[in-house]
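Heads up, there are several structures right after this.
Both of the next two complexes hold chain A, though its partner changes from chain B to chain C.
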Partner chain A sequence: MNARTLPYLLILPVTLFLCVFFIYPFVLVAQLAFTQGDGFTLANFREVVGYWKFPISLKNTLLLAAIVVPIQLALSLAMATMVSKMEKGRDLVLYVWTIPLGISDLAAGIIWLAIFEQSGFLNSMMSGMGLIDKPISLLTYEHPWVIFIAIALAEIWRATAIMLVILVAGMGLIPKEYYEAAEVFGASPWKRFLKITLPMLRPSLQTALVLRVILAFEVFAVVIALGGSLFPVLMAETYAYQFDLLNSGAAAAIALIILAISIGFTLIILRLLRVPKGATI
Partner chain B sequence: MAQIRIKNVAKRFGAYQALHSINLDVADQEFMVLLGASGCGKTTLLRIIAGLETPSEGEVWIGDRRVDHLAPRDRGIAMVFQNYAVFPHLTVFENIAFGLRMAKMDNALVTKRVERTAELMHIEQLLKRYSGELSGGQRQRVAVARALAMEPDVILMDEPLSNLDALLRLEMRAELKGVLAESKTTAIYVTHDQVEAMSLADRISVMHQGRIVQAASPIEVYRNPAARFVASFIGNPPMNFLPATSHGNGQWSVAGQTFNGPATQKPLEFAIRPEDLSPADQGLKATARVVEPLGAHLLVTCDVEGASFRAVLDSDLTVRPGDILTLAPQPDRIRWFDPETTQAVA
Partner chain C sequence: MNLQNVLLGATAAVALTTGAAQAEVLFWSTQAKPIEETQAMRDQVLSGFDAGADYQANDSGPFLTRLNAELQAGDGTIGVLGDLHGGFAAMDAANLADLSGLDLGGVTVNPTFLELGKLGTDQQHYLPWMQASYIMAANKKALEFLPEGADIDALTYDQLIAWSAAVEEATGDKKFGFPAGPDGLKHRFFQGYLYPSYTDGVVRTFKSDAAVGAWEAFRALWSHTNTGSTNFSFMQEQLLSEDVWIAFDHTSRLAGAFNERPDDFVAFPAPAGPTGRGFMPVVAGLAIPVTAPDMAEAEALVAYMMKPETQIATLRATNFFPVVDVALPDDLPPSVRAAGDAIAKMSGAADANPGLLPAGLGDKGGDFNRVYVDSFERIILGGQDIRAVLDDQAKVLDAIMQETGAVCWAPDAPSEGACPVE
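Right after this comes the complex of A and B.
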C-alpha cells in the first residue's frame, strides 16, 4: 500500500460516517430553517427572534453560561492542581470527583430538584434545624433567583468534572523541570501557576472551555427539571417549537442561532488562548 | 562572598541511602565539579544545595547563611538544568528575563541586563525566538544566559553539556569556563564526564555510592588518587593494578620485578598509569594481546602474569599481538593501594 494514500484511506470511513450522519442532517436543518413553503426566506428567523420569549431565553442562556463557566473553570483548575500534587489516592479522588459525569443531565436535574423542592432535603434540613416553621416553596416564580441558583448549582455539580478531567491530563503533560526552573529563578507557587501552569495549559484550556461553553449553550434537561417554563432558555425554545408548536422551520432556525453563538464563542476562546506563533507547548 | 559549606548532609529515599554524611567546602568563586558515575548521588547533592530536595540530615550554608530550610528562590542561586528547561511558551528574551522579572527588577534594567548577557553568550540575534526554533546548542546558551543574568552568588549546573554532540560540547566547555571565570561566581558543576571535569574544575569531588571519595585539584586527583575507586575511574584508560608482596624494608615484588614502596608488611596493590610505562631493557614482562593505534599514541592491552594491563606507547613503535614487551614504570609515578581498605598507601 502506498504510504501516502494509506492515511487518507484509513480516515475515509470516519469521514463518510460524519458526512452521512452530521453534514447531511445539518444541510437538511439549514434547508428547513431558510425555507417556508416555497423558496429561500428569513421568515423563520424573523419569527423566532421577534417572539417575546426570545430575548429572555437568550439572556438566561448567556447569563447562565457567564456565571457557571467561570466558576467551573476556577473550580476545575483548583481541583486539577490539587489532584496533580497528590502522591497517593490520586485515582480514587479523581473517580469520586467525576461521578457526576456518569449521570445524565436529566437525572442530575432531578437530584437537585429532590434537594430544592417543597418536601426536599433543603426544606427538611432547615425545618429540622428550626430555621423555618413550615416548608417553603423555593422553585416558584416568586423566587426567580432561587431557580437560577439551583440550576447553576446543578450545572456546576454536574459538569465541572469534564473540565477537570481534561485539565488533569493537560497538567500531567507539563514537565516537572519547568516548575523546578521557575522555582529556582524566584517564582512563588502562585507565580508558578500563573507563569508556567496557565500558559502551558493553553491547549487543554482551549479544549475544556470550548467543550464546556458549547454544552452551556445547549443546557436543557437540568433547566426543565428545576425551572420548567419559569426559566426559558434557547434549547427549551427549540423543543417547544418542534414538539409543542410543531413548527420545524422555527425550531431549525433557533437551532442554527445556537450553533452560530457556539461557533462565535469557540472562535473567541481559540483566539484568546492561542499559542504565539513559534512557541511550542 | 559565597562560599558553600555542606555539613554532614545525608539523604535517604525510603530505605535507600542516596548520600552518606557528606562534608564539603567550596570556596568563594571556586569552580567545583562533582564527578561520578550515574547513581553516585552527585545530582542529589546538587539538588539539595539548590533546595529542590531536602536533606534528611545535615546543614547547607551559602555565605554566612544556613539555607537548608529556605526555598530555592531565597538562596541566591541560579541553575542550569540538564534538559535546559528553557520555557517553550516564552521568547528567548523573556526566558533570560524570567528571574529578573520575578525579582521585580525595573523594566529598563531588565532589558539592559538581558541584552548584555545575551551578547556574552552570543545569542543576541535570537532574543525574539522561541525555544522550539532553537538548536540544542542555542538552547543550552539560553539556559546559561538565564542563569548568568541573575548575577547569582552561586551557579549550579547539572550535566549542562551532556545533551550536546561531541564537537559542540568541546566548544561550549571552553566558553563556559571563560564566561564563569569572568563572572566571579561560585560554581558547582555535576558531570559524569571526567574530561569535562578535568578541564573545567578548580577542584574535583569524586563521588562514589553516596560518598565523596576525594576532593582535590584535577591534577592531584589524577596523579594521587586517594582511593582505588578514583584510580580506576579517572584516566582513559584508567590505572593498571597488580598484586604486590612485601620483601620487607619497603621492597616489593610485582610480577617478578622488585620495586621500592611503602614500609608496611600488609599485602598491597601496585598501580601505574598506562601512559607512565615505556619500553625498556628492565621491567614488567607483558604479552601484547590487542593493539589499537589511536593516532597520537598506541594503546596496547597486554597480559602481565594473567592480569589485564594497558600501556599507552609512542605511535612510532611497531607492536603486534603476541609480542612480549618489557615495560618500565616511571618510578615516581608508582602508587600503592591497600586492597582491604581500598585507600592509597604512601
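Right after this comes the complex of A and C.
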C-alpha cells in the first residue's frame, strides 16, 4: 500500500458517512430554508425573526448558555483537578460523576421536574421540615426565575460531565516535570493551577467549551420538561414550526440561525483559546 | 456454520417476519395514544377483524412524517389512517382515496360529519369514525360553594367565576383548572367555547369589542385558576390529585377521573355567555391513503370500524362516542355515562351555540391555533393590553384567512370568499 494514499483511504469511510448523513441533509435543509414555492427567498427568515416570540427565545437561549457554561467550566475544572490528584478509587469517582451523561436529556428534565413539582421532593422536604404549610407550585408563569433556575440546575447536573471527561484526559497529558519544577521554586498550588494547568490545558479547554456551547444552543428536552411553553428557546421554536405548524421552511430557517450562532461562538472560542504556533506539549 | 449460511438464515428470517407483518392491515393513527387505550383498541376493538390489524398510535409529527414519506415514495405500508378532522383537513385531499362507494351494510352515519369528511370536495375522503366534545367536571366537594340560584347544568360564565372565587375563598387555594400545558387543548376552548359564547363568532369577531369582553371575563376566571395550569394537559390527573376541583377538558381527558372514582365527580355542560352556550363537537375520521398496499383489505377494515358493535367497543376503549345510529348499552363505564349525559345536555340546551372545528385551512391549521394560543399567552400570562394584542394578532389571523381563502364556519355568518376579520 502506498504510504501516501493510505491516510486518505483510511478516512474515506468516515468522509463518506459524513457526506451522506451530514453534508447532504444539510444542503437539503439549507435549500428548504431559502425556498418557498419556487425560487430563492428570504421570506422564511423574515417570518421566524418577525414572530413576537423570537427575540424572547433568542434572549433565553443566550442567557441560559451565558449562565450555565461558565459555572460548568469552573465546576469541571475543580472536579478534574480533584480526580487527577486522587490515588485510589479514581475510576469509581469518575464513573459516578459521569452517570448523568448516560441519561437522556428528557429523562434528566423529568428527574428535576420530580423535584420541583407541586407534589415533588422539594415541596415534601420543605413541608416535612416545617418551612411551608402546604405544597406550593414553583414552576409557574408567576415565577419565571424559578423555572430558569430549575432549567439551569438540570443542565449543570446533566452536562458538566462531558467537559469533565475531556479535561481529565487533558490533565493527564500535562508532564509532571512542570509541577515538580514549580514546587522547587515554591509556587503555591493556586499559582501552579494558574500558571501550569490552565495554559497547558488550552487544547482540551477549547474542545470542551466548543462542544458544551454548541450543546447549550441546542437545549430542548430539559426546557420542555421543566418549563413547557413558559420558557421559549430557539430549539423549541424549531420543533413548533416543524411539528405544530408543519412549516418545514421556517423550521429549517431557524435551524440555520442556530447553526450560525454556534459557528460564531465556536470561532470566538477557537480564537480566544488558540495555542500559539510551536507551543505544543 | 459458515458466514454464508448465517447470512442466508438471517435473510430468510427477515423475509419471514416482513411477510407475516404484511398480512395485517397497518392502522396508523393519532388517536387512542395512551398505552391503555392503544391496548384496548387492539384487544377489544380490532381483535374481531378477521384479517388482523396492527394498530399503531403516534404523535401527529411522526404520524405525518411516515405518511408523507410513503406518499412521496408512491409506495406504502400504511393501510388505514385514523386522525382528527383537523388533521385530514391539513392533508392534500388527493392523497386520500375516495370512500363514497364503500358498502357499510346499511349503517346510518351522522350526515353533518359525513359532509365534513368530504373536505370541501365531492368525494368522501374520510369517513367519520368517532366523536367527542369538551365538557366541565367538578369534584363533589366544590358543589356546596355554587352561587345561590345557579343550576350546574345551566351555568353562565359569571356564575363559574363566582363559583371558583367562592371555592378559593373557602379553601385558600385556586381550584379551577384549565389545560394550558404544552399538550393541553386550550385553543379549542377559545375557538369553540369562549368566542362563540361571548361574540357569536370565531374569526369575524376576533377583535370586536365583545371579544375584549370575553378576554376580560377569562382574565377574571384565570385569577381563580390554579397557577400550575400552564403545566396541565390532561385534567383528569389534577382532578384525581385534588389540586383542582373544577375543570374544563376533552371528554377523553377527563375519563380517568370518572372511571377511577365515579362517586366523587360530576360532569356538566360548559357555561353560557351573552351570546349562548358555545361548545365544540370533535370528530375523528378514517381514511385510506392512495398508497395503501392492499386496498380491499383496508376498505374491509374501515367498514368493520363503522359497524355498530365495533363503534360501541371503540367507545369503551377510547371514550369517543359513535357516529352511527346505535343504541348505547346500559353497562358502559362511568366516564361514558357521565360525559354522554353532559354532552346531551349541552347540545340540547335552548341556548346551545355550537362552534364547529376550523375548516378549509389546509396546512395552516396549526398557525390558526397559534393565533389563539399566542393571544392567551400575551393577554393572560404576559398581562399585555387586550385591545392592542387582539389588533396585533388579528393581522396574523387575517393573513392566514386570506392565504387559505377559507370561508366562515359556524357560528360566524357565512362569507362569500375568505372569512374576513372584522
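Rule of thumb we're sticking to: the second predicted complex is superposed on the first by the 280 of 281 C-alpha atoms of A that agree within 3 Å, B and C clash if a C-alpha of one lies under 4 Å from a C-alpha of the other, contacts with A are read in each partner's own complex, and residues count from 1 in each chain.
Operating definition for what follows: contacts are C-beta pairs under 8 Å (C-beta built on N, C-alpha and C of every residue); 3 or more make two chains touch, one makes a residue touch a chain.
Since the structure is predicted, the reported quantities are computational estimates derived from the model, not experimental observations.
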Does the chain A-based superposition show chain B and chain C clashing or fitting?
fit
Is A:244 in contact with chain B, with chain C, with both, or with neither (first, second, both, neither)?
second
Hey, in the superposed model, what angle do you get at chain A between chain B and chain C, Cα centres, nearest 10 degrees?
160
Contact-wise, after the overlay, does A:183 reach chain B, chain C, both or neither (first, second, both, neither)?
first
Decide which partner touches more residues of chain A, taking chain B and chain C as the two options.
B
Is A:272 contacted by the first partner chain B, the second partner chain C, both or neither?
neither
Report for A:224: first if it touches chain B alone, second if chain C alone, otherwise both or neither.
second
On the A-aligned overlay, A:196 touches which partner chain: chain B = first, chain C = second, or both, or neither?
first
Should A:52 be classified as contacting the first partner (chain B), the second (chain C), both, or neither?
second
Minimum C-alpha spacing, chains overlaid - chain B and chain C, in Å
52
Once the two structures are fitted together, what part of chain A is touched by chain B and by chain C alike?
none
Help me check something: in the complex, which residues belonging to chain A touch chain C?
52-53, 118-119, 137, 139-142, 224, 228-230, 242-247
Listed in rising order, the residues of chain B that touch chain A in the complex are 50-52, 71-73, 77-79, 81, 83, 85, 87-90, 98-99, 102-103, 129-133, 146, 150
Of all residues in chain A, those that touch chain B in their complex
175, 177-178, 180-188, 191, 195-196, 199-200, 202, 275-276, 278-281
Spell out the part of chain C that touches chain A in their complex, as residue ranges.
59-61, 64, 90, 181-182, 226-228, 230-231, 241, 243, 363, 366-367, 369-370, 374, 377-378, 381, 392
